[in-house]
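Here it is: the structure, laid out below.
Chain nomenclature is as follows: A, B and C, assigned in order of appearance, with residue numbering initiated at 1 for each chain independently.
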Amino acid sequence: MSVSSAGSPHDSLNTIDNSINKAVFYFILSAITWLALSSLLGLIGGIKTVIPSFLSTNEGFTFGRIQAMLNTTLLMGWCSNAIFAVAFWIMARLSSTPIKHGGILLIAGVIWNIALSLALIGIFIGDLTAYSWMEFPSYTSGIFLLAYTLIAVWGIVTYRHKQNDYSYVSQWYILGGLLWFPWIFVIGQFFINWVPVRGVLQSIVHAWYINNVFYLWLCPIALGACYYFIPKLSNTAIRSYHLSALAFWTFVLFASWSGLTYLIGGPVPVWLTTTSIVFAVSLIIPALIFYTNLIGTALSSFSQFKNNLALKFIIFGSAAFILHLFVKMGLSIRSVDALAHFTMIYEAHHWHLIYGFFSMVFFGAFYYLVPTLLKHSYKSNVLPNFNFVLSALGIIILLVALYGAGWQQGTQFANAELSFLQIANDLTFWMQLKLVGLTILFIANLLFAFNVVALLLSKLLDVLPNFSNDEINPNT
Amino acid sequence: MKHFSILLFGIFIVLTSSFLGLISSSLNQLGGLKQSTESLELDDAGELVLVDGDPLYPMKLSGSSEQGHMEYVKLGCVNCHSQQVRREELGNDLQRGFGQRVSVPRDFILQSNMVLGYSRLGPDLSSVGSRKSDLNWHLMHLYNPQITSPGSLMPPFPFLFETIKISEVAATSGALEFPEGSPYAPENGIAIIPSRRAVALVEYLLNLDINYNLPEAVVTKNDTGE
Amino acid sequence: MTQENKDLDESKELQDDAIQEIHQNLLKDKELPKEGFSFLPIALIFLFAGVCFWGGIYIVTHGGEFRWDGYHPDFVASDKSLSIPEKSLFEIGEKVFIAQCVQCHQNDGKGIAGVYPPLVESSWVLGHQEVLARILINGMNGKVVVLGKTYNGNMPAFGPSGLNLKPKQIAGVLSYIRQEWGNAGSDITEDTMKNYMAMYNARTTPWTSEELSLNLSPEPEAPSKDTDIDISDDNKMLDTHGDEDHTDSEHSNMILSHKEHS
């Protein structure tokens, strides 16, 4: 069964884990730092939609800039760093190959975070672009790209040199995600910042960019993690695994074509949106397969699911994802979009993906990864469990608030008698609910950061006393 | 490694196909759009051509409006405001006076930093210049939306304004004129002066108006709502 | 199958290589009758076919015929032909007048006393069309008597030897000055103007006021004003570049209609 010939399986796992230990920890720590910052920004943004004059005397804190910083920290800070941490580890584990040049990974990670800090300062002083989810100033995009190239190369090289003949679907998702991202990024930057096209062409590229960053960067990696952790933690094979290849190809193909549904009814030739609608609706096929593959597997080992913290997070995330896909299909239907367009339903839909799916899966992954790498587990599971409850609650409240707000907005838009002042004012209840959700999430995220850091510290405290011995004797 | 190359190939095809299908083809279709006169005429050869001597639309923004557009981007107005007029059945845009006709790609060909928008917490601004044409109203609204629209969710932008003491001698021109008895009005002897940025932004807003015809989009509604 | 894994591993977790091996085997072993899930692939095939079928039809019927100017989902290009609101000669003329003539003849058409002759009530303006055409096409030099006053100046040519306006524009500006400011002359049509231009384009010297009244042909009959023109589908050509002999195939097919949507 064990493939690597040298030493016991455990030894080789250690080599693999050690090969990227430092880099993975660096990415984990950066990820949780950015997560904490983003939830603070989210909270400020939430307060601003209830009390518009909150923090409004300083230009850098105006609503638009907070929103831009929030999106940037979430996407380039939390999501990307979390991906770097988890994707490489899974890739190395599944390929039974240590990651080479972990040091370069680390340096690249530092460059990435410098670029991000620059981007945030840039946004704060007003260099943001007009495009949501790519608000970072154009002068940082080159640095991001450089850092990314240095990082991603190792994931791909690892897969290329895998020690076994197997190729598991997680690896496909991760390889795909790692390869697609730079491409999407370059196309977005190229047509919008470097050699700008004009007019609605920019909006078309932008819609394509957002959609692909979400569905061909965040989703594949998170799905890769789901496909890895769910069978592993529930100790069961994936249900109807033979369909997973179909799900992979249909999902990525349909999703990448479905981006222009953001522009339904807008000033673009109608065939563009129609095409995207068709592909978005076709997502029902991968969505059904994901349901059997992921949820089906988890349900068939329900007892494990109850007791395993990481699994709970990941199952919650998978369920949220399938729901998200169905909402996406619904939103792409013209008559639904007529109601939902320009409302908070779209904002809700983004939170749904990023918090409901991505973050939950990665919380789960971290709760597995950190103890495994440290070889040090939680003494008590109370706080991590509490984290799960808080995160789940926060996300549900946030989504209910935003979907509810959007629904109400949509029905009121249709009534031309109501002024926008009136419509916006009627949202007060939902905005307050949103603020409650954001506050709970803020606490949950801080708790998450605390849990990870506390485990790290407790391990350090354990190790420190016999640190000198370890140095002399590398075999321990 | 056969498997690896097939996987790479598939990964490549997926994104290329959607790039070619959605982006390249629309670049190809829309990239060559030029300004046009409001209507076309038949030339001697029986082809439709631009009407000689008529103004070309969409018109270019003036320098300071262009600067105002940048302010619009930098202050993140796009988070709450859209700039596109949609068909009547999608939210009553025409009836609300967001424009006199549906907007089409040609309306935007001169713009970079597109602000089509994705959210309408506030009203659409495609034609705000014709709906609200008072400079002072806009400045005041930016200074603090509560003055003009009590209860508004729009954030105030006080940092675009300067507070100065009025000297007895020089009466300040360009200061905000607050409505009588407004609780937001400054004390006597103090004036609120808009900065160049605020003026540019408002000039941009005042210039926003979709009131011209294009050959493919003809004004259907004549009254502007207000 | 699940029992198998449980046997494989004592601990509560699957090891990494086990994950791969098990799943690899699952792939080889395609039918899984035991699972009771075999209806899923079949259902998926039907679903797939259904989605493809619907998608194809939907794209064809709601895709705006893949044209750059189809914006409505129910767009059908051949539904209705475009009627171009043609500008009247008067409107065309007004633009030309403002661009070319106001400097001398002034907005009110009264000219500048002693320097530029007035157009209001002038018998030159309201008189024979050919005279007017000659003046515009070739220009005019020397003394001229207008409303009892003598003016002496140069009127530039607007035909090919001068500013090279098109027949329609000259016809327009002439119609305009014959009908603005209380003048009550007839239109000078584009066709009439084309005839005159055919006759006088070759001439390069300006006219003098004596010459002007010689050899006049009879005035053409006052035509009815041309209004909207309907263009049939075959010549829907939009030249976005403005030069006549060049049409970009991609953009020339302009859309002339949106299906009436009530």
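Following the convention adopted for this analysis, a contact is a pair of C-beta atoms (placed from the backbone, for glycine too) under 8 Å apart; a residue touches a chain by one contact, two chains touch by 3 or more.
Here the structure is a predicted model, which means the values were calculated and not measured.
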| item | value |
| --- | --- |
| Result of counting contacting C-beta pairs for A-C and B-C, higher pair | A-C |
| Far-end chain from subunit B, centres as C-alpha averages | A |
| Distance from the mean Cα position of subunit B to that of subunit A, given in whole angstrom | 32 |
| Between subunit B and subunit C, centroid-to-centroid distance (C-alpha), Å | 24 |
| Intercentroid distance (Cα basis), subunit C paired with subunit A, Å | 48 |
| Residue list for subunit C, restricted to those that touch at least two other chains | 68-69, 71-72 |
| Shared-contact residues (touching 2 or more other chains) in subunit B | 29-30, 33, 87, 102, 104-105 |
| Shared-contact residues (touching 2 or more other chains) in subunit A | 167, 267-269, 275 |
| Subunit C contact footprint on subunit B (complex, rising order) | 28-30, 32-34, 36, 39-54, 87, 102, 104-105, 215-216 |
| Touching residues (chain side subunit A, partner subunit C) in the complex | 1-3, 9, 13, 93-94, 96, 164, 166-169, 228, 231-233, 235-243, 245-246, 267-271, 274-275, 277-279, 281-282, 284-285, 288-289, 292, 300, 304, 308, 334 |
| Subunit C residues within the subunit A interface of the complex | 1-2, 5-6, 8-9, 12-24, 26-27, 30, 32, 35, 37, 40-41, 44, 47-48, 51, 54-55, 58-59, 62-73, 75 |
| Subunit C residues touching subunit B - in the complex, by the definition given at the top | 68-69, 71-72, 82, 84-87, 92, 95-96, 99, 166, 169, 229, 231, 235-242, 244-245, 247-248, 250-251, 254-255 |
| Complex contact set, residues of subunit B against subunit A | 1, 3-4, 7-8, 10-12, 14-15, 17-19, 21-23, 26-27, 29-31, 33, 73-80, 82, 84, 86-87, 89-92, 95-96, 102-123, 144-146, 149, 151-159 |
